[in-house]
Amino acid sequence: MLLKATDLHKRFGGLQAVSGVNLTVGEREIVGLIGPNGSGKSTLLSLLMGIHRIDGGTVRIGETDITGWPPHRIARSGMSMMFQHSRPLLQQTVLENVLLALLPDSMLNFRFSEELRGRARAILGQVHLTEVADRLPGELAFADLRRLELAKTLAAHPKLMLLDEPFAGLSATEVREFSTLIRTMRDEGRSVILVDHNVKGVHALVDRMVAMSSGAKIADDRPDRVLADEQVRRVYLGSGASGTAVAASQTSSAPILEVADLTVRYGKACALDKVSLTARQGEVTAIVGLNGAGKSTLFHAVCRLVRSTGSVHFDGHAIADNTAQIARSGVVLCPEKRELFGDMTVFENLRIGGSHLPVADFRQRIDFVETLFPRLAERRKQNARTLSGGEQQQLAIGRALMMKPKLLLIDEPTLGLAPVVLDLISETIEKLRASGELSLFIAEQNITFALRHANSIHLLEQGQIVWSGPTHRFVDEVGHKVL
Amino acid sequence: MLVQLLISGFLISAIYALATTGFTLLYGVSGILNLAHGTTLVTAGIVAWYVAGLTSFGPLQIIVAGVTSGVVVGLLTYALIVRPIQRLEGLSEADEHVFMLVGTLLWTIILQEILANVFGDVPVSVPQIVSGVVNIFGVRTPISSLMVAAISWGLLGALWLYVGFTKSGRSLLAASINPRGLVLCGFNLTMIHQVVWIIYGLLAGVAGVLIAMVHGVSPSGGLELTATAFSIVILGGLGSVTGSLIAANIIGFIETATAYLVGPSLRSLPSLIILVAVLYFRPQGLFGRR
Amino acid sequence: MNHPATAAPSILRRLPFSTTALAWLAVPCLIALPFLGLSEYAIGIFTLGLFFAVYAMGWDLLFGYAGEPNFGATFLIGVGAYTAAMLNSNGIAPPWICVIAGSVMSVIAGVLLALPALRLRGPYFGLVTLVAVLILRQLIILFSHQTGGEIGIAVPDVLTLSAVANYEIALACAIVSAIMIVLVARSPFGLILQAVGQDPLNAQAMGFSIVKYKLAAFCYSAFFSGLAGALMTFYMGTASLNVFVDASVGVQIIIAAIIGGRRTIIGPAIGGVFLVVLGEYMRPFGRLSELIVAVIALLVLLFLPNGLLGLLKLKRSAR
């Protein structure tokens, strides 16, 4: 047994990020760790690496108990980690970045020995970066930057490698190449724990799959068994029942949002690639896809929170230049992180949302929101920070509604919510649609939820729209890809 | 003796509170540690003194002149130093912090030298507005000192009302908690920053005039004022206005007690010790957040 | 989430000529400087500038590489200066021993300051270093019987009376410091230091203890600060508060480093000399001189954030 983690617990303030997780990794084993956002998989990795302090439980590598060790000591005992975002030293060449990973932990490091350089070049050869060894990281393509990160992780001959979203942002070919590399590492005698959202892509690579939800482990078995597991499917995709069908999209209804050729680049990575879609007035439009597909980026680009090329038209006119103006003109975003004012009460949060309303409208609007969410009326004087996850989501939507939006963008409305609250959100969406006052655009990784409410759906994969159409055709035409 | 101590302490604390609240507000909303704070106070005081000496301007005009200069210096600080540094490209966060500190320090020197060259580097004070003393529990207290305390607390009260009961005041509070959330609610952050600097200028302006009245100011005394304000803000917690208010009182009373019981020259020693203790044991101060 | 593209690439890498070649050219010129017909007064100014250059180089190692802004450089310098002064004025040791003792004490003081200070994040580290200077000042005033208080200590011995010899000693100190600091900055240790400064999380994941390396950098920087401080004491003949233990002198060191070009070691050295010479040059303007120097420094800060060495970089990229 290479790694044995027992009964791990971690708490961040009021949130139990990891509760009672047991994990074992054997030699020459690739373990895939999957779970929706907020399930605790990244936290689990950082607990293993010592980046966050463990609240309870133990971790052993072989016979050694490494619980509570600082990260640098854990690194020296045979574990290494590849982070989700590339962080090379920009002033040093690719070779020097790898040399860094090979250096011993000694202050008397005065020269780079030839032997060290040789080893560095060998590692670069393994990850196919030999040609760019003497270039600066700023000149590299995105996939090469990720290779560099992998090289750094490999360098010190770790027994166990933790890879956090290694495939994020890579094309299908690049994913295959990386998978081959990872398999080679296993064949060389190392073990790997990898976290990724691309469940289907990962399942061909791993020997074993561990699924997490809300901080706890819900499955630990061979990949095909885990994917067929009822609980796993429910957590990822929502409950099996597809519910009542929604009325088909009325193509006669005027478009309220028109996006054309929208492209967003973060440095070298392409987060959105020529995305075009239309949302119609009075309807519920949904954009679905895995995490990292680009749904949030789409919303951020529409609201001008990130720079983009392409055009966005709202209600027939080009959308404004800055987020505040866009919000005032009727396009309001309710982001995934909610962005509430934690130290203010529920009522004060709503009041900020309604700041731009004339006084008479304000009273009316507060009543409307509090009728929609009776919990918020009860907890008027409570600080937003102390609300439960579900209540915070209600407050976020409520605050957005205070702005009298014409188009409400909700990013992951059901994220981390208990089924009861989920039903409430469902009801809310239906009530809002019925009121006829606004159009809704939701981004969801919970496909079943989206299917239940949307008139039309767009499927986003790695920054590109791969399918658009009315809901009733979704299951037949692309259901196999995601369900 | 005790009564004298309490009254003096109360008066000093009032001014300290007024002088540091603006500084804390600025940090809480904009994240800027304005090291030119002391010199901003001094500028207001000196301008008030100058106007008072011109012809017989009434007390109201003197205060207005001082306050206006405070606002002007504040806005200049924003436009000439803070904004340009924020616009520089290629700076990491750590670099930007250091640049901001160095930039405001250089600005202090520039302001200080301009004042010294124009007005001379001598301590000046603004004449008392009202004269006379009143008897409080057997202690003869100048009425003007009471008035200074009243103005300070009055202004702080007005600030509290502003932040708690007006739309723009609440948006300032929201900006100090979550600027991103505020943008999503349709507020323009640049305008909010400008408003904060104006409020800062107002508070610093009044505080500067009052300090000039009670204590006197000189161009080179600015840095020392910044240092005192800094100690108070660290004790109270960076970014917490409540913290600064409480800390101002603590430091004010301790300093007064030290001056009376031990000697005026060792007045600032306790605050230094407190500062060290805070940084060592609880760097975020009493109520610090950021 | 970090956007990694925010750190400025090293200017020295992009220079059109080798820095070693530049050094081979510059060093003889510097050695010959006093013989070019300058007055003793001017030579003295350059001597001070060279000491300042050492202070600035030590600061750049700490900030440019390890990422820690030291607002209390004069704490370390002051300890070195006063140690040397007190040892010598009490007749305990000859000048050279005092200088070495000063450097050693500086390192010890550096450890005592850094151990608690490095636990702090954000602006608090800089604050603690600043407070250290203020405390040292108070201590010196408090124990004025031994330390000379606000007046300072006169040092009975001098290293040499000749202005030229003093200059060459300062130059030797500066050159040796430059070589030793640059060697370390370009060594594997320097690489680790940069990783620790720019991305502590990643550095730890690669097996390096953050505190250990930052502490080492602090001590190394302290050594040179103490050395130059002690030498400067013997040059000036006294150790006094306003020269050695002043917060505003510490700020000038930071300004010198930024103007010179952070993260280049040599840039701050140039910046240090530049600032001292500029200050002298402005002296005839009397009271206005401080104002002009501050304005120039501010302009450089705003328009040349990469410092004077950044000018060369601009020329190169304009090709």
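Chains: A, B and C, in written order; residue numbering restarts at 1 for each.
Keep this in mind: contacts are C-beta pairs under 8 Å (C-beta built on N, C-alpha and C of every residue); 3 or more make two chains touch, one makes a residue touch a chain.
Only a predicted model underlies this, so the values are computations on that prediction, with no experimental measurement involved.
The set of chains in contact with subunit A as well as subunit C comprises B. Here B-C and A-B are compared, and the pair linked by more C-beta contacts is B-C. The chain with its C-alpha centre at the largest distance from the centre of subunit C is A. One finds 44 Å separating the Cα centroids of subunit A and subunit B.
One simple way to say how far apart two chains are is to compare their mean CA positions; for subunit B and subunit C this gives 33 Å.
Subunit C has residues 7, 198 in contact with two or more other chains. Subunit A makes touch with subunit C in their complex at residues 49, 51, 70-73, 75-76, 80-81, 83, 85-92, 96, 99-101, 103, 105, 107-112, 136-138, 152, 156, 266-267.
Against subunit A, the residues of subunit C that register as touching in their complex are 1-5, 7, 9-10, 13, 183, 187-189, 191-192, 194-195, 198-199, 201-210, 212-213, 216, 263.
Against subunit B, in their complex, subunit C makes its touches with residues 6-8, 63, 67, 69, 71, 116, 120, 122-124, 126-128, 131, 134-135, 138, 198, 248, 251, 254-255, 258, 262, 287-288, 290-291, 294-295, 297-298, 301-302, 305-306.
Here subunit A touches subunit B in the complex through residues 303, 322-325, 327-328, 332-333, 335, 339-344, 348, 351-353, 355-356, 399-400, 403, going by the rule given at the top. Contact residues on subunit B toward subunit A in their complex (touch as defined above): 167, 170-171, 173-174, 177-178, 180-189.
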